[in-house]
Amino acid sequence: MKKLINDPQAVVAESVEGFVAAHADLVVSSGDEEKLFVSRAGGAVSGKVGLVSGGGSGHEPLHAGFVGLGMLDAAVPGAVFTSPTPDPIVAATVAADGGAGVLHIVKNYTGDVLNFETAAELAELEDVTVTSVIVDDDVAVQDSLYTAGRRGVAGTVLVEKIAGAAAERGDDLEAVAAIATRVNENVRSMGVALTACTVPHAGKPSFDLAEDEIEIGIGIHGEPGRERIPAASADEITERLLTAVADDLQVASGDRLVLLVNGMGGTPASELYIVYRQARALLEQRGASVERSLVGNYVTSLEMQGASVTVLRLDDELLSLYDAPVHTAALRWGA
Amino acid sequence: GSLGVAWARAWVEASADVMRQNRMALIDLDRAIGDGDHGENMDRGFTAVLGKLQSTETETIGDVLALVAKTLMSTVGGAAGPLYGTAYLRASKAAGTTLDAAGVADVLEAALGGIVARGKADREDKTMVDAWGPASEAARDVARAGGSGVEAVQAAAEAAQAGAVATEPLTARKGRASYLGARSVGHRDPGAQSTALLLDAAAAAAREGERG
Amino acid sequence: MKKLINDPQAVVAESVEGFVAAHADLVVSSGDEEKLFVSRAGGAVSGKVGLVSGGGSGHEPLHAGFVGLGMLDAAVPGAVFTSPTPDPIVAATVAADGGAGVLHIVKNYTGDVLNFETAAELAELEDVTVTSVIVDDDVAVQDSLYTAGRRGVAGTVLVEKIAGAAAERGDDLEAVAAIATRVNENVRSMGVALTACTVPHAGKPSFDLAEDEIEIGIGIHGEPGRERIPAASADEITERLLTAVADDLQVASGDRLVLLVNGMGGTPASELYIVYRQARALLEQRGASVERSLVGNYVTSLEMQGASVTVLRLDDELLSLYDAPVHTAALRWGA
Amino acid sequence: GSLGVAWARAWVEASADVMRQNRMALIDLDRAIGDGDHGENMDRGFTAVLGKLQSTETETIGDVLALVAKTLMSTVGGAAGPLYGTAYLRASKAAGTTLDAAGVADVLEAALGGIVARGKADREDKTMVDAWGPASEAARDVARAGGSGVEAVQAAAEAAQAGAVATEPLTARKGRASYLGARSVGHRDPGAQSTALLLDAAAAAAREGERG
């Protein structure tokens, strides 16, 4: 394992320190190592619903990179690939509350769900009204009442963007939660890994992949995927991902879409655009139109090589919220 | 044969020890069917617990277990943090001043109840429930048979280890391993194994207490 | 070698196709495989000095990701790590000319210099006035009359940004070239590689690095660096890079700086922020102040793991040009 | 013993062949002290040249070499593209209808002059100049000694190969390898090697022409 890090235990703290120093116009850190969170430089916006997300670190720019105007109010980074504990979530929730309540955007992992659940209860004790929306867009995982259900992956960015815009325009907590839920219902993702990643404190790759194998349906925590198949061309891999996503979402002719091709951290941009090219072509073959696109590293797995394809079905309102101004470290337009 | 606060403190110390020693083994189990952090999480948690314990007076078993609960909840994170946190919290409430075999069974059942309440896993879902379940049953059996508290802990530890081993052929239906479906077969659940290690630490502390 | 590609020979063409499809609001492609270039969607801006850059592919987002308002007018992607030939450079130059002449921003590699030189001569035959600025910010390489001189690396982004702003405000060709030269004179960079990268058509890593070795002074073409040293902590590595950069630039107390921590393509953002944290601290120890920061993948080497540190000394004019609006695929603010 | 347009065409065909066959070897030389693309660049260039040649009538050696020049210039890119492009362009201008030994020397000197004009490298800078230089001198020697055109090409090819080998102990001072400084020592310059291969193709074509 070679990484640009110092003490493996200090990775998150040092990285957040660098992050808030580099983006001091946008964000501040709580500074408290026991209750570490990142929030908007200006503090809570009075009267606005606060948006808080978080989860294990290692997925940067998620979530701290999306704190700012039109998106999150606070982000809580756990240890690498480990959900944060309730305490910092509570602290972030209190900090994000502008009096209109706080929406927790939680990716569907047992750990995230349980820790945010406890935090929500504790925050209510501090007189903050909390509603939670669970993001579960990963079609690689079978959705079933008898399992942990689908994971939340790159679709989370679109939930955060669009719910953030709803909060910014003044929607109340219930309405923001409803928008977030609507985005989650209309977004699907699936990913592939060409290589594993190495968690700093583990010091070994999260799984072993032969030189001619890839993992289809990979999660964002270095957890193994749905199946291991022989390496294939970008077009073939993309077709596999896109087909699973579009079938599950039942993409139909006339649908207006956002297409997000997300890098897992170690993939060159040029390869993401090759994936994008094919994904878009396949969507257009279905008669759908790609109205907006994002291509880049948004929800990563450390230095993993690979990509995920996310499709969101738009309606007029979602599109206008998507287009609304956003100014964060990792996403910026209109502001 | 009964267990008191000294045992509880010794258990925590032994737990911190065993988590440190098995850190990499648990990471490796979790790498296979999860995300490779379980050993790190538990080690971080019990290191913190040990620190807290050394600077805290405790009068009852319940005090000790409550301290463990709070500290794990606020330092472990992930799935294991809230689950173990709730387990120890419920256990702390169930614990009397000293534990005979029935008391041990009560404590373990309370812990199990907390885990199930939070995680909603059934037996054979390939989680830590598959260690806590057999453990509490074994303790209850010892109580019914008139054994001692120490014997109950010993039986619980053995049952937990057997339960952890028995997760190997199972298909995971809860937690991160469930994403793997059939590919989770053949691997031991890391949380079940950490449970077995913790109960083994409990038994070792009990045996030490007998001798000392 | 596992990559998200199809035919290794088609990587550049397919990637550019995806890129212009994803950013159709900003850019178009010439479409001509023999004379491939990317230019602003609106065409040349009449009366404005045109900015053209280019070079081997594999450094994305450089250069196509910087085509748009306030930055480049056209970018010419060669084969992976191979300077483009004169023909597409000429075509891009003609397309970028709004009547006020064209500035070529050329990274200092023998191939780039020679091909742009020929292209400039040919473009003059088509009545386009061309001036060239050579970027050579890499302090890892000894500057000497008797060698190829220093390489152009991540500092190129700052040259393109600031010269682009000068062109946008209406400076004439000579003035834009003077600004570009001033940026180049005030910018220095140095990089490190933890892993090599693999050129698609070569199919093998560009060099072999042991598990406990890193390359200091790496170039952006997978060419080996200045020296190979044992792996070290992020803080130690950063100090090595920053010291070389700051000494060469003679950073002094009171200097106002831009600090760019650039990822080589395969490095997690979290690690870049750890490098940033230390680089900034060291600059502040020298009494300098970091006025603006960029942290991310700007000038990459495919999937190489590593980073480079770039420091630009600002004056009032350079700062205001840096802050001027820019709207490209990879850099956006104020527009 | 003189060389005409048929030889020039045969040379190009042999060149395309030899670049294809040595693609990976040249990539490997360039990986060691450069960026690993020289074999790919030369193969791409000469594949294009071959295609063009097959669809183009050529009357003189100069026609053939001019076509090579233009095509390399517009397909190779990198440092080698303009350098070889200029070399063949100057060579095409220097070439008479047939080449005796002096004619061969003139052509090679012209090529060398083009490369030096563009690349400003001196001898022993560890570049293709270290192959073209000895090659043109060897051809001139043959001419002075009264040898034939075929003999001149043969001698040039041998000198180029020796020159390429002789780059190994040198420290690079031009091109991408110069970034390595002392670490470039011990590796053969890829461009010098491709020059040697091209001149070897020229000699092979000349021998074939003698026989045929």
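Each chain carries a letter (A, B, C and D) given by its place in the written order, and its residues are counted from 1.
The definition used in the following text is that contacts are C-beta pairs under 8 Å (C-beta built on N, C-alpha and C of every residue); 3 or more make two chains touch, one makes a residue touch a chain.
Just so it is clear, the structure is predicted and the values come from calculations on it, not from any experiment.
Peer 1: Moving only from a chain to one it touches, give the least number of moves from chain B to chain D.
Peer 2: Contact-graph shortest path, chain B to chain D, evaluates to 3.
Peer 1: Using CA atom averages as chain centres, what separation in Å is found between chain B and chain C?
Peer 2: So the centroids are 55 Å from each other.
Peer 1: From the C-alpha centre of chain A to that of chain C, how far is it in Å?
Peer 2: 29
Peer 1: Roughly how far is chain C from chain D, centre to centre by C-alpha average, rounded to an integer in Å?
Peer 2: Computed value for the inter-centroid distance: 32 Å.
Peer 1: Quick check: what residues of chain A touch more than one other chain, meaning two or more?
Peer 2: Within chain A, no residue touches at least two other chains.
Peer 1: Considering only which chains touch which, how would you classify the arrangement: line, ring, star, complete or other?
Peer 2: Graph shape, chains as nodes and touching pairs as edges: a line.
Peer 1: Throw together a list of every chain pair that touches.
Peer 2: Here the touching chain pairs work out to A-B, A-C, C-D.
Peer 1: Across the complex, what residues on chain A touch chain C?
Peer 2: Interface residues on chain A, with respect to chain C: 2-6, 11-12, 14-19, 21-23, 57-58, 60-61, 65, 192, 194-195, 211-212, 214, 231, 233-235, 237, 261, 265-277, 280, 293, 295, 297, 300, 302-303, 305-307, 332-333.
Peer 1: Can you list the chain A residues touching chain B in their complex?
Peer 2: Its residues touching chain B are 34, 56, 78-87, 109-111, 114-115, 117-118, 140-142, 146-148, 151, 199, 201-202, 204, 206-207, 219, 221-227.
Peer 1: In their complex, what parts of chain B are in touch with chain A?
Peer 2: It is residues 27-28, 31-37, 40-41, 44, 73-83, 118-119, 173-176, 178-181, 183 of chain B that touch chain A.
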